[in-house]
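The data blocks that follow each hold one structure.
One chain, chain A, links the two complexes that follow: it is found with chain B in the first and with chain C in the second.
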Partner chain A sequence: MATVAAPVEKVRPPWVSNLGGQLFSVLLAFVVALFIGALIIIGYGENPLTVYGTLVRFAFKDVDSFGYVLQIATPLIFSALAIAVCFKGGLFNIGVEGQYLVGMLTASWAALTFDFLPGPLLMWTALLFAMLGGMIWAAIPAVLKVKTGAHEVVTTIMLNGIAVNLLGWALNGPLKYRQEGGQVAARTANFKDNALVPDLGHLFGMRESVHLSWLLPLGFVAAAIVWFVIRRMRLGYEARAVGSTPGSARAGGISVGAVQIKLFMLSGALAGLIGMQQLLADKGYLPVNFVSQLGFTGIAVAFLGQNNPVGIVAASVVWGVLSRGESALQLETDVPREFVIILQGILILSVMVIYQITRRRLARRQLQAAAVVEQVPEAA
Partner chain B sequence: MPFEDIAVAVQIAFTYYTVIYLTGIGGLFSERSGIVNIGLEGLMVVGTVTGSFGTYYFSTKLGLGVPMGPILGLLFGMACGALFALVHALATITFRVDQIVSGVVINLVAIGLARFLSTLFFGQATQSDPGQPHLTPWDIPGLSSLPWGLGRAFSGLSPVVPVAFLVVIPVTFVLYRTRWGLRLRSAGENPEATRSLGVRVAPLRYVGVLLSGAFAGLSGAFLSVEVVYNWREGQTLGLGFIALAALILSNWNPKRLMWAAFLFGFAQAIPLRLADAPLIREIPDNFIRMTPYVVTIVVLAGFVGRVRPPAAAGRAYESAGGV
Partner chain C sequence: MSDVEAGRSGAPPLVVMEHITKRFPGVVANDDVSLELREREVHALVGENGAGKSTLMRVLYGMYSPDGGRILVRGQEVKSSSPRVAISLGIGMVHQHFVLVDPFTVTENVILGDENERVLDMDAAHERVGELAQKYGFVVNPRAVVEDLSVGEEQRVEILKVLYRGVDVLIMDEPTAVLTPAEAKELFANLRQLREAGKSIVFISHKLDEVLEIADRITVLRRGKVVGETTPARTSKAQLAEMMVGRPVLFRLEKPDVEIGETVLQLDELHGEGKLNGLSLEVHSGEILGVAGVEGNGQRELAEAVIGLRRPSGGRVVLNGTDITGEHVQAIRNLGVGYIPEDRHEQGLVLNMTLWENAVLGQHDDEPYSSRWGVLSLRTIKELASRLVQLFDVRARSIDVTAGTLSGGNQQKLILARELETDPKLLVASQPTRGLDVGAIEFVWRQILEQKAAGRAVLLISAELDEIYALSDRIVTVYEGRITGEYPPDAPPEEVGRGMLGDVAAEVT
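What follows is the complex of A and B.
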């Protein structure tokens, strides 16, 4: 057995096979989801190809329509990035939901309190306070986890519940809008114009009602920063070490607790920016019926983008295309608009399952390769 | 009449108790078998819409009338909850997807699924027609005639409420006095040991998760059929998460869960009925509503008492031979 050939190494850089594998599993998940969706469409007596065609065509039919898609995608980029940052370190930040709600609260307070600030300074202050709010709300589970071992999933679920009530209280109390003449409404007063994020859509000839803003490029910047932190900075290396094997990371001299707290802080800052699209671009005030659930949707988008910053940007746009397609279904087919949410759900479930299966196969293959390598010296 | 106000608050608390306890028992079965289920809220949502439809279908469409229609409606909501929980079971047990991720997806999908089913059932996306048939409210004999208005607490209750109090007996018996209950708990504590004794883990966990869907579905159906008398979007109000909180406070014990569920139920009832009482008047409603979450964090952090979740909950069981 002395002539055992060493396993043939494929000369492919690891990131190529990694990326190829990830793309393949996402595409496979898409095919599976579209197939299951097709069965439902057939149940409604429609042609799946027509319905899917309508969905996609509607998103790209004119510049306004695509503007809406990007408007939907903007908060999802921040949300999915916030999830991914923690996920890299093996942490599950379900609290992104609560963190962005608190971020909206602190940003509203700042925009109303510091309204004397000139020019874009007010907007930057509001954005800063949004991040601070998210970070404060993320600090609680982080510190509790490191100091007391309380599991972050459960504490963040509870903090989400507290955040909802905190907003309810603020909108009926300190931030309540009091118009002249004694009328009150459960919303904040309008922010000054220089608190708002400047519009981007008009540069491309989009109409007024499309609120595509400079937050989208900010989202790209955030994605680039996350990529840089995870791939090029020490924190990213430590995060990946803690995420894969906390024991070895600790043995290697990494302070696990410090890494976890830093990741939660970064995640919270990103989460704080989720609500800025509706606060500083869509509305210009905080309404009582604010859009919620964006933090949870971010988990789905992060998985669709395989926790990779570039993937997340792409996944957010895909999610936007699907969500935008709801109206198309309502207008042009017999399939109810809620079909889109079902399709999104099926898509995420199949991404999760296929991701899990491919990861298992990969682990098994690595195990086999390792076993072969171990046998060689024995045989010699 | 301060007594009467308190009594009415207690009566409202009984309703909340029923929702929280039933859902909590569902979570208990799932987590005791080793599968964390944070999708309870979503399972309840499915229970609300299907329970409401079942009641409409059986009592009005099939003409079965009042006692039978709502009962079948509640059971239908229960069955649909279990069916939806099958998704969580398949994902986490068969495909070993992360249990938290799957639970989040359950919650997300449930909102869309409820609207989808609602357009199918009622022709409108976010509610059914109000004033649906329901079980006749019931006065508990003896207790409902207590003096000083205290009897109000025990009158006009849905017949499901006493069921939610009595269900602790069969649940405790099954969990602690039967072989199956022992095996279910062992699957949640040490699945490898369970397997080494020749007991298959996956079927136990499947039943645990399906039971969580059934109880959460029943709880949701109770909300729409017996409390609100129609389906409305968002009527679960995050009570699934409060049930999760109660489950933690109870240390995963069905008897202690009764106390936790009543405590949290009462916290929900205070702003509705005792908002004008002295002292409470000074505290904003929202702060009272957030007490369950705060209490749970304090307990989890170990500042007061200690709780210990089932040891293997959250961990996928890797079997050697595919069983």
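What follows is the complex of A and C.
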């Protein structure tokens, strides 16, 4: 047999070889989004530079401001990672929302029930139960999908609704806070101090009202773990195969259902941690007016970060900058605060469009390069 | 060109492509190519994958603008290039992959993009499309919904779409690649009728038998250049193949002389989903069993039942004496079964993953490729991939490119390399050369024969009788999920053909 070796040239995988191109396209997307945003600002009779200046100043003017930004970004990292993990396997886990709500419920229960645990053990127990709660809530759509074929988008939307009401019930029932003297409030009792995630902000001289906690580094660790699982582990390999060509994956001996369940479990565990910023860092109890919707915001952040762990961390910070600037706009300019939401939407759209364009260009270039090699004459 | 009929050579050529050069970064896809298309002719354009056939036709259809050369249509030079201009000049293209709206009717698809009125008069449109179909002898119901049509019928709709726009030149890119032999016959009848009606057809193909059957003239491309122009009367399959590949190609390979041994695979009365109706067969070591049949008679289900992708509702699959019915794919693979799927994009490769990621698929959870903790060993996987790529001469820039960038032949080589790497005792090869060009077909055939030489069992499922005859030690025919006959490798094709159509033949031993 002719064993003429094709000219083996060092080619890095597509996601690395085009790193420069990717950075460029992200920057381009930003410029486009800011430009379109500027047109809207001008429509309001404001100067775009002033408005953007206000946004940036509010995020970076001092260490406290940036602390607030990171505080907003922390839960979004977990949320977007939870979305991305499922997305890699071709699953759309809209239920991250419900999974994190249930995670807050189970974590609260654990923090109040196991309050005899000493030192940081209580905190770790609460975090563990948060992940367990998310996993339980993710297991339902996962099993339904694998066993009956029920589509995860439908089942998770339903479960989100159930989760909201489950929390409402718990706050009015088993977890209801009964103060001495018969006064009741729709919230849980305060957790003990050793249930809380230690503060990180004071190390950087941030004010006490900034609740930057060790959850942020935990988010970085989670991102690194997700990267490792997707790129270096069998589960991630199988997930990517299942996500893009289920038939080939199955013919290669991969159990599609088992992979899907594992991904949902990982996603649910990450989702469970979303609520910990407000539960164990911001508040120290579960209030009835808990912050929801973070699971849905995670979808947007995951898109903005192109489902890439590093991209997600960056996108979460960007999201934090914009969200932080929301109230500043209202205070200092005539542009309504909703402008930020519009800008976020434009940003996602332009990232997606420009990313698609560069990806197609890359694919075309690869095909052409491949064609050259195939035309190498055969060995005589 | 003196041997062309006098009546036809009198008219000026309909389309002249002169010295067309089309470059892509790093590739010259068409290098000074000239082509003449006359009225009322079927002009075949043959060449291996990547020879530049499709590029040339996309230049003609206005999808690419050439870097050099010019195009004359009826003596007029074409200045701008776009499909819209091409259609207005009477040039239309039927793509290899259909672009039809499934829930629409035939008529709705045909008139799509060419509706003249704001409120559609569907009855009139149905009538127009019906007349058009009748005029060229196309059997198709204008009111049928596309998703209910067979592949052959869908193709007719695609052709009607182009004809509806009043073209005189039809470019057909590998039209038979998706058709069964019977559908291909019908297509040829349609094409002849179109030619009689005054249309000219460019027929892109690498199936030489078809080209010799249908073409009036043949232009052969190799690596972007025209290597010759000929007519079916003046050439032969072997000569065409040699022109395409640049070296002699063997259509009959020497079958290695191997003693046929014990039963490796035994199928007992397999039933399933109405597609398998009591199918039984045996394959022995050192034997290639060819399963011939018109597609859709249970071949796919048969292959999937053996590899474990489909659980039969009745019957048994026995491998080397072990009942493996309903076992998981991974378990069956571990017992020594390799699988070449009929659709390499759906069941073979993950196109957006790299060559090395594809090379390890199926073995990815075994040592040394992944550890007990589920961490992949990239180094050993890449070593495996480099070795396979080299051994099977997979032409790729590197093992880090995605599988989707390879040509069909190279993709199939990669699958073969992967499936044979584990030394399977049984190889299930389903339509192993579908869509491949002659050079690659020869390669695949050699590899399959080598399996036999090594004393392994091969279950070869193919709709191509040529392939069945070239490789098999024993032939069985399948019809509606049952085996309808068994034949020695030298049985006359007519007899096998009867089995393929359901006539239960006398059992030949």
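Convention: the second predicted complex is superposed on the first by the 328 of 380 C-alpha atoms of A that agree within 3 Å, B and C clash if a C-alpha of one lies under 4 Å from a C-alpha of the other, contacts with A are read in each partner's own complex, and residues count from 1 in each chain.
Everything below uses one rule, namely that a contact is a pair of C-beta atoms (placed from the backbone, for glycine too) under 8 Å apart; a residue touches a chain by one contact, two chains touch by 3 or more.
Since we're looking at a predicted model, the values are computed, not measured.
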item: Contacts of A:G247 with chain B and chain C, given as first, second, both or neither; value: second
item: Partner chain(s) touched by A:F339 [first = chain B, second = chain C, both, neither]; value: first
item: First (chain B), second (chain C), both or neither touched by A:S209; value: neither
item: Chain B versus chain C as contact partner of A:T50, first or second or both or neither; value: neither
item: First, second, both or neither for A:T113, with chain B first and chain C second; value: neither
item: Touched partner set for A:V164, first chain B, second chain C, both or neither; value: first
item: Of chain A, residues touching chain C in the complex; value: 1-14, 232-235, 237-238, 240-241, 244-245, 247-255, 363, 365-378
item: Partner chain A, residues of chain B touching it in the complex; value: 36, 38, 87, 91, 95-98, 100-102, 104-105, 107-109, 111-113, 115-116, 119-120, 125, 238, 241-242, 244-245, 248, 284-287, 289-290, 292-294, 296-297, 300-302
item: Residue ranges of chain C touching chain A (in the complex, touch as defined); value: 24-27, 29, 49-50, 223-224, 246-247, 307, 309, 328-330, 333, 339, 341, 343, 345-354, 357, 361-362, 364-365, 370, 374-376, 378, 386, 389-391, 393-398, 400-402, 404-407, 410
item: Parts of chain A lying in touch with chain B, wherever the complex brings them together; value: 92, 94, 140, 144, 147-151, 153-155, 157-162, 164-166, 168-169, 172-173, 293, 296-297, 299-300, 303, 336-342, 344-345, 348-349, 352-353, 356-357, 360
